[in-house]
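Two complexes come next, and they have one chain in common, chain A, joined by chain B in the first and chain C in the second.
This part shows the complex of A and B:
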């Protein structure tokens, strides 16, 4: 009797299992296999041996190290800043009563705009050409600061544009999540706090923040993962030859290894992809451990 | 602390129609003596909670003054009024333990009022002991029953020893058995601390059973205030008479003719007032089955619920309900002839109200 039920259970699970197996588990295993096959040739589908050479190659590749550095800088700057700014804006939105809907719509607009289109607009804003200085440079000149080539100039300028752009793109979603989280906090908590004479700061720190902590935590985790996987934004700003621009990211490196000008190396690409996977996994685990103490689910 | 409401009025702009003004509290004028437990009673939406919020300071009145003792607190923010408030849903901070919840108001104190850690712990423990939750200090609110949560909320409101304790529908979220227990607890806590306490309820039985005084209100207007039994025995108008008492009072159309009080053809009593059409309210316990009694009804059935035996019958002049309900002693035989049952009536349980303004005529 029990056996029969087990079989039935698996049958019910079959569609989902098939789907996950074909589109998630098989590719994952395949990537793992690719990453340990040394000297794999795309055309002949042959390899010389099995080992860790691909990992060692990738980890010694200056382009990969540059991509790693870029990605980490991007993550460390944009995740805390964008979440913090989103929280400030949401708090402000939550406290205004007039025109609240209008402001919410305005803040949400960038979310429905195409990433590449926004990237192009940013490039036009920041780019310096032989014919024009770019809008931002004109503004800088107005303050008496010399023009900076943000798109093809020094590394810090390019990084600044990338971070600025990333923060701007992820803000609307974060604001949306946080405003709804703030709105769902029962007003009675604030009334009790008022009757008890709680200061504004303490109310925020002791009541508001713990109440919205699940949403905040969700944004931080997805923010980390999203920033680690950055690629299309970088292409929109700096074009496809990212290694030359020194602005490649890990995902960009993987893509280049597969399809770029120097491409055709699925083994290197797989090794790089697995390294990224391990990094994201580690960070997420750390996040989860920290959250156990500080996130309060109701 | 004595609380005086001086011609207090609160108007809101209607939520549905911006041009409409809703008067939630209309010209409230009464005094609550020190150390009493007062029930603010009325149907849903009659302005009870608004009154409570005005006293607490969460709402500011449109006109009128509020005094705590001799101090005018109308302009004071809630934190300066020295009130403790318990909300209907308790509003315990879910991420804090019982201890932290009770400590919260104390930790807010600043400047000269700031307390040392030991004193705070001591006070929190005292408050917890008072409401008998001192064994649950480390639990989170969601690990407590409704009644326990309620008591934590009361402890939190009491920990700063406020001059006034306000409870908004304190029992409405509890099941029937807990409600009985908790209302006794509230009574006990109030007597032990002797803090002037106002609680809001729409349940007349709840208000009647534990209050020193009840304040009956309807549609923002104060109807009657007094000791529960006095208000029950001598309602000033038809609304109060109908609102208090279960089963509800039976209301009939009647008239006064030559000093006689008639319902239909039946002369049921005498009143020294001029001839007019009136409403007659008769409490269910006023009926005595009596073969020679003056008041006739068509017999329907006898219902026994627990210790009460009630006779359900019909009368064409009854307007409160289809049925006339009479609560009688279970020992008496219930005799009826040809479907007609006769009652004599206890005159102090029969109230006569003017048809014009529904006020009592004595």
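This part shows the complex of A and C:
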């Protein structure tokens, strides 16, 4: 009886185990192996040594360093900014009762849309072409600012569009999480604070912020992880040849090494992916340590 | 205490009105930023090519809308083909994933067997592993298996989701144990119990998982791009990228926007119908970005 049950349990798990084994566990071991196989040739599937050359190659590759720089700038700008904006919007949403559902639904819309497709619209809005300055540039001209080519122009302009689009894409999730966190704060706390004549700012700082701190830190942690993995939105704005545009990201570098014009180097791709993983792991650990000190768990 | 609050509220009424105006201004401002790109793509898609290119200053509305761009979008590039491919990919992936996920969630929540805790812990720890790390080997595996430019190659790596297994397991566990025992006494088989009792009871969660997976599939870009270079197997995301880089002769932006509208519509419709469910599901633990 007992034995039969054992078998049955494993039988129900079999499909999942099969897929996870082939497409997750085996690759995980394999990626470590790839990353230390020197001079691996994709066509002949041979290599001539074991060592750390792949890592050192990647860390000295100017394209990788550019990607690293781009990714870090993107992360440092978008994570705090998007979390802050999301908090302001959620607070505003939470203080109204009329139309709250409507606004909430509108704000969530970008979550379900295709990043590539909407990215194309952003590109058109920001792009300066021979026959038109583009809508955003005309808006800038209205304020007396000269036109800038945001898509093929200076680095900071491209970075601005990328940050703007990234924030636009990630906000729906953050607003949703923060709005539900704010809504679940017990109203009695606020009533007591008002009777005591506590100022709005103090109420926010002493009551609201501690109460929603778990959600806030959850968003910061997932925000860092997500921003470090930026890729599709960059492709949407600047096309697939990101190295030429100078806008590559770490994930973009991994895929370029794997496939495409400069592809065919799974060893370099693996080394770069593992470096990314280590960066994300370190940042997440730091985040968790900070959150342990500051988050108020009920 | 209620009276005191009421007094305070009366006193603050004037101040509150200004405050409300500021808040609504902010909310409306952000709503415009969110909606504007959608309006712009819709608007551009109905402007004629000549009219669009003649506008040095883009017009915010058009008096002579045309559907020519949509005809162009379907004739100049194989948009219909991309569409059908994506539907096949989405339907098969979602269906297979549902089977795999439901079976393992059932095993974890109701069956007792040796090694269960070990496997579950293993699964949970695998949730931490980013896709970028395993995609390299999967690319090599699928290429070596000769599955590039094929539906199995597209579909198979994305039919498991440990997160959804976890979500469903939690949900299954909320069904009282007594129900299971009663069914056992009646001689109902495990599979029949799963199919006739558990799935109907957990339908809301299953539907949520289904919708979230459909959205994920429809927007898939990275894996399809790696694994297909034959247009016959392109999904909409890859199609859009191709259109951007070579279709319509780069400058035909109205036709491009028509294509963008066409591929965005299915998800927007799904969202309008299920927005409550989607938002609830995502806030319960979906992640993105």
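We adopt the following convention: the second predicted complex is superposed on the first by the 275 of 298 C-alpha atoms of A that agree within 3 Å, B and C clash if a C-alpha of one lies under 4 Å from a C-alpha of the other, contacts with A are read in each partner's own complex, and residues count from 1 in each chain.
In the analysis below, contacts are C-beta pairs under 8 Å (C-beta built on N, C-alpha and C of every residue); 3 or more make two chains touch, one makes a residue touch a chain.
Small disclaimer: the values here were computed from a predicted structure and weren't measured.
Contact with chain C, but none with chain B, is seen for A:231 once the two complexes are overlaid on the shared chain. Contacts of A:115 after superposition on the shared chain: chain C is touched, whereas chain B is not. In the superposition on chain A, A:177 contacts chain C only, with no contact to chain B. Contacts of A:31 after superposition: chain C is touched, whereas chain B is not reached.
Once the two structures are overlaid, the count of chain A residues touched is higher for C than for its counterpart among chain B and chain C.
In the superposed model, A:195 lies in contact with both chain B and chain C.
Overlap of the chain B and chain C interfaces on chain A comprises residues 191, 194-195. Only residues 56-58, 77-80, 83-85, 87-89, 91, 93-95, 104-105, 108-110, 142, 156, 160 of chain B touch chain A when the two sit together in their complex. Within the complex formed with chain C, the chain A residues making contact are 5-10, 12-13, 15-17, 19-20, 22-28, 30-31, 34, 42, 88-89, 92-93, 95-96, 99, 103-118, 120-125, 129, 131-135, 138, 166, 168-170, 173, 176-177, 180, 191, 194-195, 222-223, 225-227, 229, 231-232, 235, 239-240, 251, 254-255, 258-259, 266, 269-270, 273-274, 276-277, 280. Only residues 186, 188-189, 191-192, 194-199, 202, 206-207, 210-211, 213, 296, 298 of chain A touch chain B when the two sit together in their complex. Across the interface of their complex, chain A is touched by residues 1, 4-5, 8, 20, 23-24, 26-27, 30-31, 33-35, 37-38, 40-41, 44, 53, 55-58, 99-101, 103-104, 106-108, 111-116, 119, 123, 126, 129-130, 132-141, 156-157, 159-160, 162, 165, 190, 215, 218-219, 221-222, 225-226, 236-237, 240-241, 244-245, 251, 253, 256-257, 260, 263-264, 267-268, 270-271, 275, 278-279, 282-283, 286-289 of chain C.
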